[in-house]
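The following pair of complexes shares a single chain, chain A, combined with chain B in the former and chain C in the latter.
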Partner chain A sequence: MKIAVPIKLVPDLVEELSIDAGGTSLDYAWMRLKLNELDDHAVEEGLLLKERYGGEVAVIALNDECIDEVLFTASAKGIDRLVKVSGDPPRDINNHSLMQLFVPVLQELQPDLVITGVQAHNDLDGPIGPLLAEGLGYSYVGYVSGIAVEDGSVTVKKEFPGGLIAEMCVKLPAVLGIQAAEHPPRYIAYSKIRQAMKTALIEDCPAAAIQPTPGAVIERMFQPTAGATAEMIEGSPEIVADQLVKLFKELGIF
Partner chain B sequence: MATMDVYVVVEHVRGQIAEISYMLLAAGRQLTEKTGGSLAAVVLSSHSQEMAEGLGADRVLCCDHPSLVDFNPEIFQQILTGVIQARQPRLVLFGDTSTGADLAGSLSMRLGCPLISSCRKLTAQDGKVTFTSQICGGKIMVEGQVPEPVALVAMIPGEYKAEAGQSDTIPAVEWLPFPDVSGLRTGVMGYIEPEAGDVDISKEEIVVSVGRGIQNQDNMELAQDLADALGGVLAASRPIIDQGWLPTSRLVGKSGKKVRPKLYLALGISGAPEHVEAVGDSEVVIAVNTDPEAPIFSVARYGTTVDLLDLAPVLAEKIHLAKSS
Partner chain C sequence: MAGFISHKPSFNETFYSSLMDVLDGERIQACLQCGTCSGICPFGYLMDYPPSRMISALRAGYFDKVITNESIWMCVSCYACTESCPARIPLTLGLMTRTKEELLLAGNVPMELQDALQNTARYGNPLGESPRKRALWTRGIEPPIRILSQVNHPVDVLWFVGDYASFHPRVQLTSRALAKVLNALGVDFGILGHEENSDGDSQRLAGERGLFELLAEKNSRLFQKYQFNEIVTGDPHAYNAFKNEYPKLDITYPVSHYTQYLASRLQILKPLLKNKVSMRVAYHDPCFLGRANGIYDEPRSLLEAIPGLELVEMTHSKDNSLCCGGGGGGMWLEGFQWEHARARLSEWRVREAVAAGADALVVACPYETPRFEDAVKMVQRASRLTVLDISELLSESMGE
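Now for the complex of A and B:
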C-alpha cells in the first residue's frame, strides 16, 4: 500500500507571537516554526500502518528554511520517501493554496491512502484534509484515531464529542484527517537524524502555479488581552499556596 | 442571486441534536435581525421533522431518509451542495466540529465558496458581515469581512448561548428531496461507547486537570497528590491523554467530556479553544501557567504564573495541614 502524508509547519506556540507592521498577519521574520502536532501524529500513523501491513510511506512538505530537518527526522523514523515542493511559498500560505501545491504531487505519487493532521492551530480556511480529498476526487473522513486496512478499504474510528466513536468503512483511495495516532509519536535520537541527513534523499518537486481562491479578507489581527478575567496571585510558591488555601476555604472547598 | 438568508446545518449524533447547533441558530438570529434575511435550519436525518421542533429558526429545510440516521459525509455533501447552489444563502453556518469541519471544507471546494473556520463571532453592519476568528490556540484573534455573495463559516463555541437558539414554536417545514446516492464509498458500521472509566469527571465537584506544562509522566504524581489532597479527581487536556498518561475517560475538551465542577484547577493548561469550551460551566476556574499570555487566564477567575511543579507539592502539603487543623 502506498501512503502519503502531507505535512505543514506552524508557529511554535511556546514562543511569543507578534503581529507584523501591517496588522493583518503574524510576523514571521524571526518566528520559529515547528511541525504541526497533528501532522506528527499522521506521520506516526503512517509508520504504524507500514509496520502492520507493509508498503511505502512518503512525506510531502513545502520548502522552508526549517523543513529539511523535519524531513530527515521523518526519514530517521522510517519514512521511505521525502518530497519537498520547491519554491519560496509564503509562510502564512492558506490551506486552499497549499492544497493546490500538494495535489499535483499526490497525483504523481498515486497513493492509496493520504493521511494528514485533522487540523492545525493556524487554519483559518478549514482543515487541509477535505480540500485535498476534493482536489484528488478521493473520499474524506476526519477526526480519525484508528485505522485498520482490509481489501481495498479501511475501517476507521471517527471521534465525536463526548468520547463517542463511530466505526466507518471507507473505500480506497481516501484521505483521512488524523486526530491522534494509535501510539504517541515515537522519539528518535538526534544521532539517527544526523545519520539520515547524510544518507536520506530529499526529492525536489517544482511548485505548481497557485490560482487565487475566494478567501476571507483579513482586516485586523490582534492578541486578546491576557488575563482579562483572572485575578492574578503573585509571589513565591509558598505565598501563592497560602492564598489558594485561603481561597479554597472561602469557596467552601473544604 | 444571493439572498441575505442564513442557513444553519444542524448536527446530530444518534438522534440527539448537538448543542453547537443551537449556538449557531443564536448567531444566525442576531445576524438576520440586522440584515432582514431569513434564518433557516437544515436538518438531514431519519427523523427530521421531530428534530425540527425546538429549533429557533424561521423555517426548517428537512430531508428525511433512513440513510440519514448517521452522519455520512458523502450523502450530507451531496444534499447540501444542491441546496446551497439552488438557494444561494448569504451564509451557511457549521459547527467547527468533527461533523461540520468535514463537511464545510469539501463544500467550499465543490461550490467554490470561501470558508472561514475557527469563527467565534459574526456581526452585521451596513449590509456587511464581519467575522472574528480565534487561532493559534486562542492566542491570536483575526477580524475581517465575510466575502460575498455566499460564504461558509465553521464556528466554535464561546460567544453565543444555546438557549437563544431554541424556541417553543414549531417552525414551518419545507421538504428537500433525497438524492440518488448509489455508489457510496463511505458508511457507518456502528459505534463504540465512551469508556466508562472509574469516575465520571462530568459529575465531580473538584477537578484538577493537567496539560502539557506537567512536562513528563513522572510529574503526574504531583498532580495526583494535589487532587487527592483536595478530595477531587485528576483529569487532563488532549496531549496528556494522547501520551497515554491518563485514560480517555479523563479527557476534558471538545472530543472528551464537558465538566461543571465547583472548582476546576487547571495546571499547565494553555487554554486552547477546544479545551476551554468544555470548562465554561465550572463555578470557579483557577489557572496555573508560567506563560502570562496563556489564554486560560481569560476564562479563569484566579490565576498564577508560578511553576506548577514548584506549587503543587507545597499546595498539597498546606491543604493537608489546613484540613488537619
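Now for the complex of A and C:
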C-alpha cells in the first residue's frame, strides 16, 4: 500500500509571537517553526501501518529553512520517500493555497491513503484534510485514532466529542485526518538522524502556481490585552489566604 | 573460502567488544562477581539487572534480554558502583552508559526523558525554554554582565552558566549570587548568553551520544569564536564534559568549577567575607564534582572561610556521598523513578542533613537546590532546613 503524509510547519509557541509592521500577519522574520504536533502523529501512524501491512510511506512538505531536519528525522524513523515542494512559499501560507501545492504532488504519487494531522493551531481557513480530499476527489474522515487496512478499504476509529468512538469503513483511496497515532510518536536517537542527513535523499518537486483563493481576509491582528475584571490579591500568604477565605464565603463556596 | 565457517558476531559479542573502547574497559574481564556494585547502587535493589548481574548476563551470552528491560533507567550515573568496584571497572562510563545508548537506539526510552532530549535538540536546553531567554536572569545586575556577542574584546574568564542556572527560577538566584561574588573579586568575565547550548553531559549519560556530539560541536564553534583564557562553570556536569569528554572530540580548554576557581583565590576572597553567617551547615558532595572528579576539599575550604559558619559532615560524605537522584538523566525521569521506587534519593539525603543537626544543606550543583527544596517539603522534621548553594552563602557573608 502506498501512503502519503503531507505535513506542515507551524509557529513554535515557545517563542513569544509578534505581529509584523503591516499589522495583518505574525512576524515570521525570526520565527522558529516546528512540525505540527498532529502531523507528527500522522507520520507515526504511517510508520505503524507500514510495519503492520508493508508498503511505502512518503512524507511531503513545503520548502522552508527548518524543513530538511524534519524530513531527515522522518527518514531516520523509517519513512521511505521525502518530497519537498520547492520554491519560496510564504511562511504564513493558508490551507487553501497549501492544498493547491500538495494536490499535484499527491496526484503524481498516486497514494492509496493520505493521512495528515486533523488540525493545526494556525488553521485560519479550516483544516487541510478536507481540502485535500476535495482537490483529489477522495473520501475524507477526520478525528481518526486507529486504522485497520482491509482489501481496498480501511476501517477507522473516529473520535466524537464526549468520548464516543465510531468505527467506519472507508473505501480507498481516502484522506484521513489523524487525531492521535496508536502509539505516541517514537523517539529516534540523534545519531540516526545525523546518519540520515548523510544518506537520505530529498526529492525536490517544483511548486505549482497558486490561484487566488476566496476566504477570510485578515484586516488586523491584536496581541491579547490584559483584562480589568480579575482582582489581584496582594500581600503576605496569610493576608492572601484570609482574603481568599472571605471571598469564598461571599461566593457561597463554603 | 573452504575450511572457514563464517561467523556474524552476535549482539552480545558486539556489545562486549564495544566496552573495550572505554578507557580501562578491558577490566570488565576481571569482574569478581562480588556484587559490591549492585549493593552500593542506590536503586540497585529495584533493578532486574543491577551492574553485577548485567556482567553475568554478558558473560553468559544473553545480554539481549538486558536491553529489553527498562529498569536500567533507574541508574543515576552517580559513580557509586565505579568508586566501590575492587576490580576498578569503569562501570558508569562503560557498562551503564553503553547499555542506555543501546536502549535509546532501540527506541526504548521513557516518555519524560524523550521530552528532555527532544527539547535539548530543538532549543539547546532540556527545559524547553526559548534560547533567546537564556540571559534574562542577568537583568538588573550591576555592573552588567557582559554577553560575549555584544562586546568586542577578550575576557579572562568565560563563565559557562549552564541550563538550570540560566532558566530555573530557583537556580537563577544562585547565578545572581555567583555573579555578585565574581564582580566583587573584580574578575574579568563574560557569558555566552543566548548562544550558549547545553553542555550535553547528562544527555550523554542518558544514552544520547549523538546529541552530546552535536552539542559539543556547537559549543566548540562558540569557544573558537571568542577570546578567553579559561572556562569557569557552576555546573559539575558541564565541568565534567569540558574536562573529560570534550577533549575526546579534540575540544580542549582549561576549565574549573567555580568552587575551585574561588578556592584558588581564597586570599583575596576571605577579606570580603565580612558578615558572620551563624549557621550549622552540611555540605552535599555532587557526584560529578566528588566521585567523578575528586573535588572534595575546595568547596569545604570556601565554607570554612565564612565567619560564624560551622561545617558538619553527614553519614554519607565525600567519596561515599549519596546522589541527589538527578544525574544520568534522572533529572528528567522523576515520574519513572517514583513509579518504580516510591522513594526519592533527595529525601534520603535531606533526612541525613536533619540527622546531622544542620540548619542548611549546602550544595554546589544546579540540579540540587530545587531537588532538595522539594524533598524538604516531603520529609518530617525538615521544615527548618534551608537549601543553599555555596555561592549564596558567600554572597550573604559579603553583604551589600
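We adopt the following convention: the second predicted complex is superposed on the first by the 225 of 254 C-alpha atoms of A that agree within 3 Å, B and C clash if a C-alpha of one lies under 4 Å from a C-alpha of the other, contacts with A are read in each partner's own complex, and residues count from 1 in each chain.
We take it that a contact is a pair of C-beta atoms (placed from the backbone, for glycine too) under 8 Å apart; a residue touches a chain by one contact, two chains touch by 3 or more.
Note that this is a predicted model, so its numbers are computed, not measured.
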Which superposed partner A:187 touches (first chain B, second chain C, both, neither): second
Which of chain B and chain C A:169 touches, first, second, both or neither: first
In the superposition, chain B vs chain C on chain A residues touched: B
Contacts of A:203 with chain B and chain C, given as first, second, both or neither: neither
Touching partner for A:34 - first (chain B), second (chain C), both, neither: second
First (chain B), second (chain C), both or neither touched by A:15: second
Residues on chain A lying within both footprints (that of chain B and that of chain C): 16, 184
Chain A to chain C touching residues, read off their complex: 14-16, 34, 184, 186-194
Residue ranges of chain A in contact with chain B within the complex: 11, 13, 16-17, 19, 26, 37, 41, 96, 99, 118-119, 121-127, 129-131, 133-135, 139-143, 155, 157-171, 174, 177, 179-181, 183-184, 213-238, 240-242, 244-245, 247-249, 251-254
Chain A partner contacts - residues on chain C that touch it in the complex: 104-105, 107, 109, 111, 114, 117-118, 121-123, 128-130, 132, 207-211, 213-214
Interfacial residue positions of chain B with respect to chain A in the complex: 13-14, 18, 70-71, 73-74, 97-99, 101-106, 108-110, 112-118, 130-131, 133-147, 151, 154, 185-195, 206, 230-231, 238-239, 242-244, 248-249, 251, 254-258, 262-263, 270, 272, 283-284, 286-287, 292-295, 297-307, 310-311, 314-315, 318-319, 322-323
